[in-house]
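Look for chain A in each of the two complexes below; its partner is chain B in the first and chain C in the second.
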Partner chain A sequence: MAAKLNRRLMLAGSAGGLLTLPGKAPAQGGRKRLDGVTLNVSCWNYTYPKLLTEYIPEFEAATGAKVNYETPSFPIYNQRMDVELSTGSSAYDVVNVTFIYSGRWVGSGWVTPLEDFINDPTKTPAGWDASDFLSGATAAFKNKKGQLCAIPWIADVFMAGASRYDLIQKEGLTMPNTFAEVETMAKAIHKKGGIPAMVSENHYGWTYIPWLQGMGGNVFKAPPDDLTPTLDSPEAIAAADLFGKLIREYGPDGAVSMTYEQVLAMLKQARVNYSPNNQTFLAQMAQKEAKSAATCGFSMCPAGPAGRFPGVAAHGWGIPTGSKQKDAAWEFITWAMSKELSMRMFTEKKYTAVTRRSIIESPSFKDSQNLNGFDVAKIYLDSIEQAGRGYMAYRTVPVFPQIDREIDTAIQSIITQQKTAAEAMKTAQQNALTEIKRAGVKL
Partner chain B sequence: MRRKRHTWTSNIVAAVLLLLLLSPLLWMLQLSFRPADDVIAEQLLFRPTLENYTALWTGTFPQSFINSVITSGVSTVLSLLLGVPAAYTLARFRFRGDRHVALWILATRMAPPIAFTIPFFLAFKFAGLSDTLTGLILIYLTFNLALVIWTMRSFFAGVPRSLEEAAWIDGCGIWGTFLRVVIPLSTPGLAATGILCFILSWNDFFFALILTRTKAMTSPVAIVNFMQYEGWEWGKIAAGGTLVMLPVVIFTLLVRTWLVRGLMAGAVKE
Partner chain C sequence: MASARSWQAEQRRSFLLGLVPALAVLTLVTIGPVLYLTISSLTPLNPTVPGSGWDFSAPWRNYATALGEERFLLSLWVQVKLSAVTVVGQIAIGLGLALLLDTNSRFMEAIRTGFLLPMVLPPIVVAVVWKIIFTPDISPMHRLLEWAGMPIHSLLSNGDTALWAVVVADTWEWFPFTMLMMLAALQMVPKEPLEAAAIDGANRRQTFWYVRLPYIQQTLAVTALFRLIDSIKAFPLIYVLTDGGPGRATEVTNYYAFVQTFNFSYWGYGSAVATLLIAGVLLLSWIILRFGGRGMAGADHA
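Then we have the complex of A and B:
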């Protein structure tokens, strides 16, 4: 089957670049290239995979392939896929490589390196341009040899937003650029307009990290090679102390345990002012029905003395090594992540978490992301580019979920003043060491 | 008078305890009738709606519910059909290695389910049983058989041998005695065992998660599918939970007389 597919794809590739028009490739001699091929595709349930469902019939009509497409919830998808990939199963041909599992799935060689496909003109349409994907979004999907193992379909970035930017301006300030400016702003606007100054969602293993890295610290000594935790470093303690203080002193009642849903609801109702959070959530402050629509403001996440470290979480399409239909699987990926379809999803479905530079820099995209006078497209692009430096490597190591929980607990106890920052982070360090050793990691 | 006050106090304490025990279920029930935009509100008063229940029927939930009924029902019936005669044999007949046989039957329950994940997963892939109702029924049968055999074995041991001997004298064969004398005497045990098997299969999440995809997905897995990345659909989770609970409650109510007798059997020596 693979040989037949190669021959067919070569014929198709030489047929005047028709493949560059996704969904428009014609039948050849009455038969279509992937007639008789059934592709099993799986991704967790989110905006993009749901939207893709509506376009898949076009792929099937153009290629003749039948696509079995499933989108279970995030926890179910990851649990199932972990078993499928670890057993070398051939049940799936195209899967989502989940960001937090990318270190494990890519590092273990469970997904196929895509370089051979990308560099083969018979398999990749001319002009598809793999280099168009933002480096910050692809960083998590490279193996130790630097080979790309998944094509990112989303990059969610950590930035900052204010629901009542007018109140910040009233104090003669702008969106804060540094940690020090955040503190000054919080002090100045707290309770102004009857609302607290600042809030953060309770997933501190995500929201605290830009503060930790901005202070010059990190979760591990040198991930992914040296996973010695460094949660009790002076930088980590200073970051935890500052972050805890900001939430405690300038947050709403119950701030310590607020989920992202609660934070988002409060921001959209302008019941709290400033929050460093994800772009996909913060951008909703500008929606017409939100009370914050006319007053919101945006910026990159604040920088610390050591620099700016906006978190970036990317998910991408990959091919399991067990798949027996890799060529057809790659054809599906090139179609799903083509410039044309990405642009159509943006223009037709208003899907904006795109990963192609050419689309983000297009005038129509930039225009749509001009939210209340703020160039959110630029913030998004600049933030993703930052992640290309590789500082997100801490998050894609297999043991991170355990450490994530330790950070959550530590920051909660600092905010509630059950422990000082030094005590909490030392406890977190001890627990992290135990967890890492239990996981069999040699330090 | 004193006694009356004492009864009143006991009743109040019992009612409070009952309310406390039922509070998670009652909470889930009220959550299932809350509108989506009011689902995490702290107010106890709300405008009840059936939107969570109606929303369930538009997706894959109905099919998963039917799958749950089929897999749990069929595996329970098969477990009883195969396990009850086996239990009777082990209770009544002595043969070489009978104790070892009983012990090995229990082996499937000696380790946590996760220990069997990879062997079952690979075997199912090889046999083409992944994402099939047959596969799931087989798994539940494997686990339920041990429960049926060990539980029913003790019930049969409690049936006086003299009754069976009387039946033999009257001309009954082994099967006749088993079906006409032993089984009717063990009905409470059968009911208790049956309902335990049904509940264990009905509530299984782990094997249904690993061994099914879309075609054979059962309702516990379907409910977890409402935990979306953008947010958990609490209303649907509660409505799904309530519906999933319903067949077990109905089944238990139907056989409750036998169930209580079955669970109490052997507690008092007569």
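Then we have the complex of A and C:
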């Protein structure tokens, strides 16, 4: 049904929603409400921010505001915004609150709590419905008082996909449900069809964690309260050993340094079979132009002896406390994250990492996420539900970026056999302790 | 006598006055930032911690931390290996090619121009070119070797070979510079001693060793110095090719400083590492220039 929605109607809806706010009627004499207002908006370079570029002229036309919009690369964005926010700068009005920095940015009070805007009917259109956003996605953006400080534009989940599920079936297997089944499957399908069994992108501070937690370990003792690193625990070493072995023995040549773009390209071309990875990447295996379209398969990320821990990463729009145009900034956010625009991005651009439950549960979305017979929408929702248990707390503590890097280095050393799992994880533990102390965290 | 002294004083004063604009620019552009870097290195400067830029309570803390940190010391060792091999490699290849191309013909000029290509490419393009060459999945080199029955594993993904892969890329990028410098120096060698050597029956090796080399010795030293300093700045190749990995196999000191400063916001600590790096470069420059200069002086008196 949504696919049949008239584009002009949608456009009128999303722009109209802004123009019909109580107390926000268009100014008389042809002037628009935000005439003369220039909003500086920044987000890191990713699918959604790039797609949004195409819609921003509509916001400008509807409101009269001029939007200076930039999308630098992820590290550059974070580095720049860390400085801008920490100094209380007014240079930006709307910024992305990066998941791994949310603890620092929200916790330090560098972004504005949005409750006052959300609860004010003169600032938020009726029916905008903040409660529609997935709770798993908004959790990272709440401050200690429980106030929401950013509106999530993405909730990406860690799941698993196979580009040649037919080869797995041929071995009498299904999509693996546990770590042990992954190993069995990898052994059975490696080099079958001329392709290696599995691959992982080189951001091991993200892809290794479900294995670590599945084995019963964690990054810190009890985040966010006790940040004593636990990277050399027996569980962490066992998980690193298994993960490193899988990539080393069943991965393609050069697997250790493969970026997500490389992994995605290989999966879409069916040049490697199985990969635990992000939903936004894996779903692309089912695109018509992908060689894997007719043979792909999906599942939740595998579970270890301690359970299943699918990673969930959310990024959201926030307003720096230094912004001098908070009302206009909020108007931009309500427009960008309106139901109408979210639905249009799904129907028109096939953007599926949406954060509104009403869209995820809509028949058209569910239909679109039935990929090759696999209900990916259900995998997505179930994974997000899992994150409600709070195991992602390790990722939003301010010192995590440093530890993230240490994990990357340790896993690389294990895959390339420069160190054993025990040696690498012990070194990572020592380095993590140094980094945590340097950051001024008291243990 | 008095008026002569006064004239000399006036001349000195005018000379100094004339220098003022250049000194001011030098201070502003070079000394100022280095001074700021050094001052920052004495603080725990972190943009996310207000007031940390003015905290001089433990001025040597960053230096003590760096010198006691295994990761920093390892990065220095990686840097030494990278710099030594690339500089020697570039000088050897550059000098060898310069000797081959040291004739005046249009054909040789065209070849010389062709050899300059890697040097004029933007560093990031060079890095992308080598990323393609070193990525087994899409690499023409890997396909060729496979076709020839000599398949090799990914060089960048192996802790033993990753640094040497970066060395190859860096040498390829910068050998044209050393070649150009050597060629210019060789063409400045006067004809008379070369003719005299030929009359005396010296072979090509003897002519190079006893006639040409002494003449180009100082250029050689200065070229090596330029390349040494540049090798310490080998950032784009490492950023694109290995990101300092696998593990820490290619994490040179400036990359370590970059990670500490820009990924973790430890600006004070990163400044201390950068200051140590500058001190090291200055020391090496002094050594090279001192011995290079002495060699040239010897050549002049020969």
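By definition in this document, the second predicted complex is superposed on the first by the 408 of 443 C-alpha atoms of A that agree within 3 Å, B and C clash if a C-alpha of one lies under 4 Å from a C-alpha of the other, contacts with A are read in each partner's own complex, and residues count from 1 in each chain.
Basically, contacts are C-beta pairs under 8 Å (C-beta built on N, C-alpha and C of every residue); 3 or more make two chains touch, one makes a residue touch a chain.
This structure is a prediction, so every number in the text was calculated from the model and none was measured.
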Partners on chain A (chain B, chain C) - clash or fit: clash
Which superposed partner A:T347 touches (first chain B, second chain C, both, neither): neither
Partner chain in contact with A:M266 - chain B first, chain C second, else both or neither: second
Dominant contact partner of chain A by residue count, chain C or chain B: C
Chain B versus chain C as contact partner of A:R438, first or second or both or neither: second
First (chain B), second (chain C), both or neither touched by A:Q147: neither
Touched partner set for A:N372, first chain B, second chain C, both or neither: neither
Which superposed partner A:P75 touches (first chain B, second chain C, both, neither): both
Partner chain(s) touched by A:A91 [first = chain B, second = chain C, both, neither]: first
Contacts of A:V83 with chain B and chain C, given as first, second, both or neither: both
Stretch in clash, chain B with chain C, out of 23-31, 203-211 or 221-229: 23-31
Overlapping contact positions on chain A, where the chain C interface meets the chain B interface: 75, 79, 83, 87, 262
Partner chain C, residues of chain A touching it in the complex: 75, 79, 82-83, 86-87, 104, 108, 202, 252-257, 262, 266, 271, 401-402, 405, 408-410, 412-413, 415-419, 424, 431, 434-435, 438-440
In the complex, chain A residues that touch chain B: 44-47, 70, 72-76, 79-80, 83, 87, 89, 91, 260-262
Contact footprint of chain A on chain C as seen in their complex: 47-50, 65, 69, 71, 135-137, 153-154, 156-159, 242-243, 245-249, 259, 262-266, 269
For the chain B and chain A complex, residues of the former touching the latter: 40, 117-118, 121-122, 125, 130, 209-210, 213-214, 221, 224-231
